[in-house]
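Have a look at the structure below, then the notes.
For clarity, chains are labelled A, B, C and D in written order, and residue numbers in each chain start from 1.
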Amino acid sequence: MLRVGVIGYGYWGPNLVRNFMESPHATVVAVSDFDERRLAVARTRYPTIETTTDADAIIGSDDVDAIAIATPVSSHYTLAMAALASGKHVWAEKPMAASVAEARSMVTAAAERGLTLHVDHTFVYTGAVMKMRELIDRGDLGELLYYDSARVNLGLFQHDVSVIWDLAVHDLSILAYLQDETPVRVSATGISHIRGGQPDVAYLTAFYDSDFIAHVSVSWLAPVKIRQTLLGGSRKMVVYDDIEPSEKIRVYDKGITVASDSAEARHETLVSYRTGDMWAPKLDATEALGAEVAHFAACIAGEQVQRTGGAAGLAVVQILEAATRSMNGGGAPVGL
Amino acid sequence: MLRVGVIGYGYWGPNLVRNFMESPHATVVAVSDFDERRLAVARTRYPTIETTTDADAIIGSDDVDAIAIATPVSSHYTLAMAALASGKHVWAEKPMAASVAEARSMVTAAAERGLTLHVDHTFVYTGAVMKMRELIDRGDLGELLYYDSARVNLGLFQHDVSVIWDLAVHDLSILAYLQDETPVRVSATGISHIRGGQPDVAYLTAFYDSDFIAHVSVSWLAPVKIRQTLLGGSRKMVVYDDIEPSEKIRVYDKGITVASDSAEARHETLVSYRTGDMWAPKLDATEALGAEVAHFAACIAGEQVQRTGGAAGLAVVQILEAATRSMNGGGAPVGL
Amino acid sequence: MLRVGVIGYGYWGPNLVRNFMESPHATVVAVSDFDERRLAVARTRYPTIETTTDADAIIGSDDVDAIAIATPVSSHYTLAMAALASGKHVWAEKPMAASVAEARSMVTAAAERGLTLHVDHTFVYTGAVMKMRELIDRGDLGELLYYDSARVNLGLFQHDVSVIWDLAVHDLSILAYLQDETPVRVSATGISHIRGGQPDVAYLTAFYDSDFIAHVSVSWLAPVKIRQTLLGGSRKMVVYDDIEPSEKIRVYDKGITVASDSAEARHETLVSYRTGDMWAPKLDATEALGAEVAHFAACIAGEQVQRTGGAAGLAVVQILEAATRSMNGGGAPVGL
Amino acid sequence: MLRVGVIGYGYWGPNLVRNFMESPHATVVAVSDFDERRLAVARTRYPTIETTTDADAIIGSDDVDAIAIATPVSSHYTLAMAALASGKHVWAEKPMAASVAEARSMVTAAAERGLTLHVDHTFVYTGAVMKMRELIDRGDLGELLYYDSARVNLGLFQHDVSVIWDLAVHDLSILAYLQDETPVRVSATGISHIRGGQPDVAYLTAFYDSDFIAHVSVSWLAPVKIRQTLLGGSRKMVVYDDIEPSEKIRVYDKGITVASDSAEARHETLVSYRTGDMWAPKLDATEALGAEVAHFAACIAGEQVQRTGGAAGLAVVQILEAATRSMNGGGAPVGL
């Protein structure tokens, strides 16, 4: 039974605590937050959990095996490094750190101490994303051609990170899981509509050595909530709509065939179109966080290989950092 | 009664001929096409129309007041210049020309001869786009914040122009009509999945001197047809879905309020969210091309001011050309 | 080449003429209508077709092999009987006649003269309905459990027949094709919101000897257009949405399993639920009327067996007549 | 502070307990259930609540002001009568009783003792239904013409009541709130697909003295979940889709105009169609049960008039009982 201390009981922390508590593999022994009122809420729900405003007390406690960090990004590095130094495994919210340098140090520190550093790329543990990975692994999609995602809604504006760090991070974590190749170059554009604020509407293109391309549109200023991703393959294509209550994944037997070597094709490329059935596979409806908690415990126990460890988290932060640089340059490409 | 000669009877030409024929303001006297079989189709439908494979014969004919050009982009310039030289008014399909230099020459030639050069930005004449303009003019949307459009489907791949020239041109023509400001810089990315082919998936960001930003996603490789545009204003926001049979325009009384000068706001920007009713105004259901034909005739008669004349067409080609340059540079911004 | 005379060039007649004209198996030689203006429209489109206000002239003509009747229901009987008496094959719009007695006489007259009496149950020839029949024939749906359809919109109010004869007739024709069993009893309810008018909102339940049940909701007073049918089987279930541009048919691998003979089930029926994938088969996109014209010609040539002949048309009229009677009795069941 | 004892902690009981506990107007002092395991769940969540398998102990307790009954319908009467006899106010789940006789006795008993008998018609307290009532009250819809609802899904099959008592009860409770008129006659049809089971697919038409008609389709055997209601008025019409995450209510400015007294109308009724904007008002997003708990407490305190008291509950049971009788008679109308 993994004993976890959770730092941060704001927006996401309560989900972590609930899932650790409901897991047969883990339990929460302590929660910390700057805000006494948040701790009162935690105590009402879980009278057995110890609460404190002092994160260091939890990090240093002998009753704790792992530290889950659900605080603003800027504090991840300091808290994670202290936890690792104290011999604790770490569960870090995404993005794992505020810079590549920080993320790299965290990966190194965990490796040196033989501790598990887990990054909470929650979407990777959903039935929908796991189904897409399965379709890829089975060869159903053929060669991957593109990933194109729109992730927009009204709010929540943040003042320390841009909408790319807040929303595109989800797509980058999904991509890191689905696509074995890593991008070589990024171009991003965006704008802030608030004086002195972070970009609230932004676009990111990631280039790869192959013909694959990834694009993500994110916004805090959209009147409707959209969570739609197109994943194109040479054999089949997927529409992944996370707003759909069921049938989140639709697989289209559609595509093109290029007759590139026929006699006629000398003069013009002949593209023909293929359209067949659509198919919506039943998805695993288990709550993603519950599966992720089990995976975290199994990784610590040496029973599973990390699916979203520090390396995956670092890869995502590298793209985020490059995208910020590109966005400051009006879209000028930034190599990775 | 305007006497029109139509050059090109392929995909779009028949729509032009039908609308000119059904208009009380115009009639078609001649049609030309390289393909005799296409001309046979035209003759069956309209026994009174003269047909020829010789475009110049129509351009030079005294029975014709105006030439409508519905051929591939590469031939627009030569045909339009000949028509203008022959004293004919010109209706050019979009994009109006293959380069800024060509488009500029066409505009100059038309101006010098006092002829009407019309560019067929069809969407500008739809009930949906006219309603958006009306909402802007009435101040309902407030200050425009962004335009974000997805225009994707499977095919039709073209081998002479990229998907930006084929599909994004629609959004750029709508933007040129809705937004009085013109962009100052463009960043575009894209990729071709066919050896030696044109980019088939592409993304374009247009920057303006104000806080407005425009973004267009286009693709010939999507398994589903999407025609969705978000138009954000400081007061209200529009979702324009052209696939919807009715209710193409939805106006959301949603937005943010920034408390930028309060005492608390010294430390952090306070953004609050406003959500109210949604409203789908009834749209004019007249076929856009019919209204456009009437407008064309009225412009020639000096009764109306051109809504999509050579200047609007040129502005669109300028962005297309810059976008192509940016796309070749991996997204590096190109000034306008 | 079948030579057809078309009587009635109002709402549906033009579709018949176009499809007969475009068919390699048939041609239209004459069209009649009471309204000279409608005939003028026909002549403009098809200069070769003879037009007349005298239906009898067409019925008696030696140049005509078959008569297509696209007039109001009340006149079907007289026109069809005259055509059959004149040795012509008949294509009758649906419902085929205004009463069971009329329909029965028509069937008898055609049989006696060895002529083909075809009823235009158009939906039977759509890709969607043919696919449902195919799924049933393959056993994919298992035993049929229910058919439940909503067919509502605003208008078009008719003053000679109720909304059941106008709209439910479509569902009854589909049912007659999909379900080999025929109903034994009908209950219908409805109301007219116009003084002295026909019922404009109505509901019809058809009972069968088996556990199958069919229900149809129809309305001329709905603010939105709905064309949605659920077809439930013991193995799979279909949602057929005719408004969908593509994916009109969705097959759900869902259902129940009844453990009726287990020990526990002595006390309570144990129902367990099964949910699996959803699948939207690609449908034949051919225009239904075109396929139907080819079928009509083939039936006359003795090459195909009638799919929607007089017997199918009669079965539908029997239900319509019984439904009217039940509706007048406030829903009291009427045997068939 | 109202002290509540809750009987039944199965499917709905936990929602009641949560809302009573979170209300500033009420608290739960005791919970009973036959199943010890359910009580264990309740204790874990609410350590302060007393639990027992003996409902009578709660009913007789002096610490309790009101009894909430969330047990199967068959037990409502006995429990409610005991509670009223013990001087307790009663909150009964819907339908309030298994027969009209039972419901009437409950109403009488509550009246005699001056106690509040509340029926949990939850939908009446939703933002969507309250908005429809508001639209009616303001005259926006004009004269009500029809209510047409589909409420279908897969499961949950019940073995003591039919799908009408399980699902149509929701629509009847909404209708009782929206429509001041009460129905005079009911016709219902339905079928059971399980040997010895209750009808699992059913249809109900309610007739009124006016031109208003109500129809409800319910099913436990549908592959998809549908919760769609059309509410037609002479001025505007509403589509209420409870599956929609937002915009559950859409108001259509559509309808017909009947020119019944014009000269031309002597010969045929002239119906013209009116189509205008659509409007989706923002809805109150408060949880319905929370508002209902506050209302219950206020009714007991004599501060509010009951919105869904025993009379409303009785009216619903009357229709349910008549519908069952009509269904047994194959749709034969049953007066109310």
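Assorted remarks:
Operating definition for what follows: a contact is a pair of C-beta atoms (placed from the backbone, for glycine too) under 8 Å apart; a residue touches a chain by one contact, two chains touch by 3 or more.
Computed from a predicted model, the values in this text were never measured in an experiment.
Traced through touching neighbours, the fewest hops from subunit A to subunit C number 1.
At the interface between subunit C and subunit D, two copies of one sequence, more than half of the residue numbers in use are shared by both copies. Subunit B and subunit C have CA centres that are 43 Å apart. Subunit C and subunit D have centres, each the mean of its CA atoms, that are 38 Å apart.
Averaged C-alpha coordinates put the centre of subunit B at 52 Å from the centre of subunit D. Contact with two or more other chains is made by residues 275 of subunit B. If you check the complex, the residues on subunit C that touch subunit D are 145-146, 148, 150, 152, 154-155, 157, 159, 185, 187, 189-197, 201, 203, 205, 207, 211, 213, 215, 217, 219, 221-224, 230, 232, 237-239, 252, 254-256, 258, 260, 268-269, 271, 273, 275, 326, 329-333.
Residues 247, 253, 275-282 of subunit B touch subunit D in their complex.
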